[in-house]
Structures are given as C-alpha cells and as structure tokens.
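Lettered A, B and C in written order, each chain numbered from 1.
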Amino acid sequence: MNRTKKNRLNDSLFKYFGILNTLLGLIMLAVFIFIILQTGLSRLSWDFITSLPSRFPEKAGIYTALIGTFWMLALTIIFSVTLGVSAGIYLEEYARKGFFSRMLEINISNLVGVPSVIYGILGLALFNRYLGLGGSLLAGSFTLSLLIIPVIIVTTRESLKAVPRTIKEAAYALGATRWQAISRQLLPAASGSIVTGIILALARAIGEAAPLIVVGALVYVPFIPNSPLDDYTLLPIQIFNWTSRPQPEFQVNASAGIIVLLFLTFVLNGISIYLRNKWQKKVKW
Amino acid sequence: MNQLIAKNINVWYGDNHALQDVSMIIDPFQVTALIGPSGCGKSTFLRLFNRMNDYIENFRMEGEILINDINIYDPVVNTEELRKKVGMVFQKPNPFPSSIYENVAFGMRIQGMNKKSELDEVVETSLKKAVLWDEVKDSLKKPAFSLSGGQQQRLCIARTLAVEPEVILMDEPASALDPISTSKLENLIFELKKSYTIVIVTHNMQQAGRISDKTAFFYMGKLIEYDTTKRMFLKPAHLQTQNYITGRFG
Amino acid sequence: MRRTKEKVIEKLLAASGLMTILTTAGILVILIYESSRFFIDVSIWEFLTGTEWTPLFSKKEFGIWPLLSATFLTSLIALLVALPVGLSIAIYLNEYANRNFRKTVKPMLEVLASVPTVVYGFFALTIVTPFLQQFIPGLAGFNSLSPGIVMGIMIIPMISSLSEDALFAVPRTLRDASYGMGATRFQTVFRVLIPSASSGIIVSVILAVSRAIGETMIVAIAAGQQPNFTFNPLVPVETITTYIVQVSLGDVPRDSLEYRTIFAAGMVLFLLTFVMNNISLWLKRKYHRQYE
C-alpha cells in the first residue's frame, strides 16, 4: 500500500470514528433513559404525584417535593431575574470601559466557574445562619439565585449586544433619555433572547440538589410549604434520598421521580429551543 | 511536462454562474498571468487546477481540466497526489505556527518521510531555490512568524517547492508585501519558471507586464482575451481589455 | 425630575452589578473566616499532608489527601472519557460533517449537559456499576470508575463545543496551505489544526476538569462515602464535594470542629477551581489575541 492510499484510509477511518463518538454519548443517554422508563413508568401514577413521602415505598409519593420545587422555581425567578437582568443592563449599557467594569467582568467569569456546593456553603453561612433564615425556602432560593445570576448576566449582555446600535441612536435622536431608550427599545428588542437564556438557566437550576442540601433543605418533609419561610424538600433531593436507600422498591420510586424531573427539565429546554428558533426566524437585523 | 488545458469550464456557486465556458491552454515553463477586476472569476479559475474549490459548499463545475493528459476531475484522481504536483502559494503568507524548518518539512512529513538527513537536504535545497537560505540558515528552529512578510511568503514558496511540484499556482502572492519584498519575489518567480510552470493571479498590471509571458483577461466570469503579454499590453484586441489595462476601470 | 429618575435607575442597576462582587467577597470572607477558625485547632501542615480523614470518628484525623485523591481520580477518569470523545466530536463536526448534520447534532449534544446530576448519579449507581461488575470482578458497589465515566459523558458537550470554537478560530488560510500541499483532512487536523488550536483545546480541558472537580451529586451517589487515600478506581472513595454533602445531611453540632471541616474542605475546592478557571481565562485571552 503506498503512502497516499494509507493516508486516505486513515482519513476515512477517522471519519467513522468521529461519527461513532458523536453518537456515543447520545446512545448511552438513550439507553439510560430507556431503562429508567422501563423501571419507573409502571410506578408513575396520579397517586405517586399527589402522595406524601412515606417509609413504605409503595405508598410514598413526590407531592411535597414537587410543590417544593415549584416554590423554589418561582422564588428563584423573582430574585435572579430582577438582579441578573439589571446587572446585565448596567454592565452592557452604563458601565464605562475601565478598571471597574473590567473587574466586574473577570469576577463574573469566575463566579460562573465556582462549584455549586460552594454556593451552598455561602448560603449556609450567610442566609441560613447569619440572617437566621434556617433551612427555609427563602434561604434556598437566595442561594440558587446567586448561583444562576452570573449566567443570566452573561445572557442579558449578549442579547443586548446583538441589538444594532442604530436602534438606540434612533431613540436618542427622538429625544429619549438613556433609560427610555433602553426600556422602550433595547429591552423589547432583546427580550426574546434574554428569556431564552433565563429559561435555560432555570432548567439547570431545577435539577440542582447539592447546594440546597448544604444550605439546609431537608430530605424528608411530610407537609407542603405554605410560605417562603417554611422548610421544604425538592424533587432532585427526594430522588437522591430514594437512590441512597437499599431497598429495590425505592429504586423504582427513584426512577419514577426521575421521569418527572427529566420531563420538567426537557420541557424547559424545549421551550427555550422553541423560543430561540422562533426568535431567530422573526428577527433578521 | 505538458500543457495545462481547460476545456469548456463552467462553475457555479449556488445560483451564481462564476465561470462561463472558459477554455484555455497554458504552456509549460512559462509564467501565465490571470488579470481582471475583483470577482471576475480569475481566482476561482486558478483554484480549479489543484481542486481547492472542492471544499467550498455548493460549488459545482462542468468541463475538463487536463494536466499531463489526465482529467483531474475524474473520480479516480487522488486529490492529494494532484496537489503534490500542483503546488499553491496564497495571497497572504500563511506559514504554519511552527519553526521555519518544520514548515518546509511539512510536505515530506505528511508523506511519511521522517529521516533527518533527507529532510535536512530537502529543506536546504528548497530554501535555496526560494532564495531564502542565506537569510534563515542560522535560525531554522525559530518560529516562522518571526520572519518578515516577504520572507514568510518566500518560505511558503520553499514549502511548496519541497514536494517537487511541476506547476505552481500563485494567488496574488505579492498583494500583502512591500515594494522591496515584491521585487525580490518577482525575481524569484523569474528564476522559477526555468523549472516550473507558473500561473499567477495578480491585481497589479505592472507586475503582470514585468513577469508574465502570457496574460489572460477575465471579466464577469468570462475569458475575454488571452495572448502573449507583450501583445496584450501594446495592442489589446478588445476595448474592455484596453480599458482595464490602462486603468479606466477595475 | 427626569434627570433624578435617570440617576436613581442607574444607581439601582449599578447596585445589582455590585451584588456580584459582594457574592465573591461573601464566598471569600466566609471560607477564610471559618477555615481560619478551623486551623486554630488543626495545624495546616497536618491538613495538607495527612493521609487520614476521620473527622466524624472518635479518633479524629484531618488529612485532606483522601478527599483530594478521590476528587482527582474521579475527575481524571471523567477526562479520559470526555477528552477523546469530545475532541473527536469537535473535529468531526468542524471538518467532516455537513451543515445539516451539524445543525441537528449540536443541540442534541447539549441535552447531555442539561440532564440533572442526580439523574446521572442514579445511572452510575444502578446501571453502569452493575454492568461493569460483569466484566470487572473486583469492582465494588461504590467506586470511582463508574461515576467517573458518567461524569465524562456529562462533560462531553463542554469539551466538544469549546474545542470546536478553538478549531473554528484557526484561520482558513492555514487549512488552505495544508490542503494545498496535498495533506488529507486527517493530516490537516492533526498536524495543523490541533497544534494551532492547542491553547483553546487546553482551555476546554481545564474548564471541564474544573467542572468535574466541583461536581457533587454523581459522586455523592455512586462513589461512596469512605475517605480512602487510594488511586484504585475499583474501591469506594469520598470526594471533597461528597464530604460537604455528607456533613450537611448528618446532624453534626453547629459551631463544632467537625462542622468547620466543611469550610476548610470547601476552601480547598474553591482554590482548585479558582486557579483552574483563571488559567483558562488567561489562556483564552491570549489565544484570542493571537489571530487578531
């Protein structure tokens, strides 16, 4: 075999290796999900969703965990979106390029990379103990908000950056103040892409367990929370709890819980992909 | 070594009919210049001879390119073999981010030749042919980026010579160079045509006039006129050619 | 009036920006304050060199190495899975695949990163470990091998998308030069593109490792909770993150020495990821400049 033939063979071998690798992770995930469906689907029922937790696997349900997750999501949206979007606007539209904004930028890139348990430690010391919020929903949602705010800031900035400068200039030319130009022109124009990014961040937040365990979420809560100051548990934590039990029946429960959690995650991801496509089609600068 | 023959070439990029029915015979051991305004198809035409257009999405072509009586667009033709025979020098000097030595050795290494003594020899002769040896012989291990633009371009030529091509395609090789480097490059091209067939795309009329034996004028995808450079510059047959050469448009 | 309103709005927005600084400051202050209290009772030397970690036992030892070794081991296994796979995906999508394939596959790969980590932990414990036990007889029910592999699957999209960006940033002219010399795609990739994109690829590796080091639930579920100073992937271990979760779940008295261990362990974790993230930021800035 001459050299060029050998080179060509390498080339096509690598091509198949590439395809194989590209599909490898996806195939494994598909297999995992198939097995989960196989074990958990039969357990999944309205009863399972509306039952309180129990020592008896066949009686246990995810009601408190699910309600806890919705509470957590709602509170986190309120805090993280307000603060994250505001900070994003400030950095992109107000902050002068200089030492301070450079520091803010480096700081945010760093925060994105801080492990989520560290946020849990921060929340534990700051919200749970110094502010005396204990293991409440409020302490948890503050912590989760801090975790996703850097992501929301980055999305907001990128979305604003994508809006052509001419729009802002046009608003100024008509006598708008800076905030009017931002709130009436820039933000509406960037909103689709900001919302997409926020939903994506929430899809990640909904699956977080570690920081919330550290900040004081409970693994067993026999009632549903009624106010932000109540104790709570979450779907991922409930799954974690069941997974660490030795009885196989609890593994079945965990599978059923995973189906619900994956459903929520994929729905949120799906919405963001849908919005992104819709947005890209509608607006062409 | 035979002529390069283009027969009834048509090229499309999507819906854009970039070359329209171009036929041309390029003589061996001569410098043939392709001139014309931007977007006239001269670069596309040049890149047909080593099939560099193959990587452009929605590129489509009809017609034949014959080198040594073989249609290089025949499916049995191996593009890698072809490109060893038909070397190319690009608009901007594009050395690899490695040493001067490794840049010249690249072509041999990809063919599996790794013997140091042989590599040393080829690197030296190629750099000598490209008139760069005296300037770099003491700094072969230095990164290629440390060279000046003109030196980088001659390095790219040395790199091409190292695989012993028969034809060298040059796509505006002097457009990024200063006048002194340009004149060095032109002298080099003049030397090289003794052993290689050279096709060069250029924007610079004076350059075409100085270095080429024959010149082809392209306009809007068509080959308007093709003749010896002398006749083309003194007595062009077409008004368009005359207007372009005298700088009235383009 | 209008002026005042503008000023107030700007101040409010700036306050939100300042919040991010406060977050970092909060993390630093708490970690430093709490771990300095920890180091009053335990010598830093013992902490950094000890190979026994038993703060929850009656005979207490505070050597971080069992937790560190487990953290490194699981991350290394994850990297061994994710780097070859992720890099070849990046190469394939960038150099071989056609546009439609790329457009369909890229969002699908992102799905791998969006699956909650508890779910991955469950996969590792109940599917991957039993599966591997059929071939590896010595594999314990809790081990670092299978969570490592699963974590690797999770970080594939991180490596592939960052490496793809790096490959994409290599100037077109270098590809042209290589193809023009008669190189195949394979040769162009391995001799020209990867060397040229190396700093970007290193960035992707560092970020992926940093992500793996901080990953918690997968290892908490499937790697076990036994601080073992070992690099044997078949036996139960405990990572830094798992230890933090373990203490949080238990009822360790507050303000005790045991309780403060999580801050000391957290400090080590934070420093590790902080250093890695900043190396990658620095490299990224450097290679962005390279091709400008």
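What to note about this one:
Note that in this section a contact is a pair of C-beta atoms (placed from the backbone, for glycine too) under 8 Å apart; a residue touches a chain by one contact, two chains touch by 3 or more.
Quantities reported herein were computed from a predicted structural model and do not represent experimental measurements.
The set of chains touching subunit B and also touching subunit C is given as A.
The greatest number of inter-chain C-beta pairs in contact is found between A-C.
Computed from the mean C-alpha positions, the centre of subunit B lies at a distance of 48 Å from the centre of subunit C.
Separating the CA-averaged centres of subunit A and subunit B is a span of 53 Å.
One inter-chain figure worth recording: subunit A and subunit C are separated by 17 Å, centre to centre, where each centre is the mean of the chain's CA atoms.
In subunit C, the residues touching two or more other chains are 182, 184, 187.
Under the contact definition stated at the top, the residues of subunit A that touch 2 or more other chains are 4, 7-8. Residues of subunit B in contact with two or more other chains: 80-81, 110-111. Listing the residues of subunit C that touch subunit B in their complex gives 99, 171, 173-184, 187, 191-192, 195-196.
Across the complex, subunit C is touched by residues 50, 52, 55, 57, 79-84, 87-88, 90-92, 94-98, 106-107, 109-111, 156, 159-160, 163 of subunit B. Looking at the complex, you find that subunit C touches subunit A at residues 2, 5-6, 9-10, 12-17, 19-21, 23-24, 26-27, 30-31, 34, 84-85, 88-89, 91-93, 96-97, 105, 107-112, 114-119, 121-123, 125-127, 153, 156-157, 182, 184-187, 189, 207, 210-211, 213-217, 220-221, 241, 244-245, 248-249, 254, 262-263, 266, 269-270, 273-274, 276-278, 281. By the touch rule above, subunit A contacts subunit C in their complex via residues 4, 7-8, 10-11, 14-15, 17-19, 21-22, 24-26, 28-29, 32, 35-36, 82-84, 86-87, 89-91, 94-95, 103-104, 106-111, 113-122, 124-126, 129, 146, 149-150, 153, 177-179, 203-204, 206-210, 213-214, 216, 219, 236-237, 239-240, 243-244, 251, 254-255, 258, 261-262, 265-266, 269, 273. Every residue of subunit B that touches subunit A in the complex is listed here, in rising order: 78, 80-81, 110-112.
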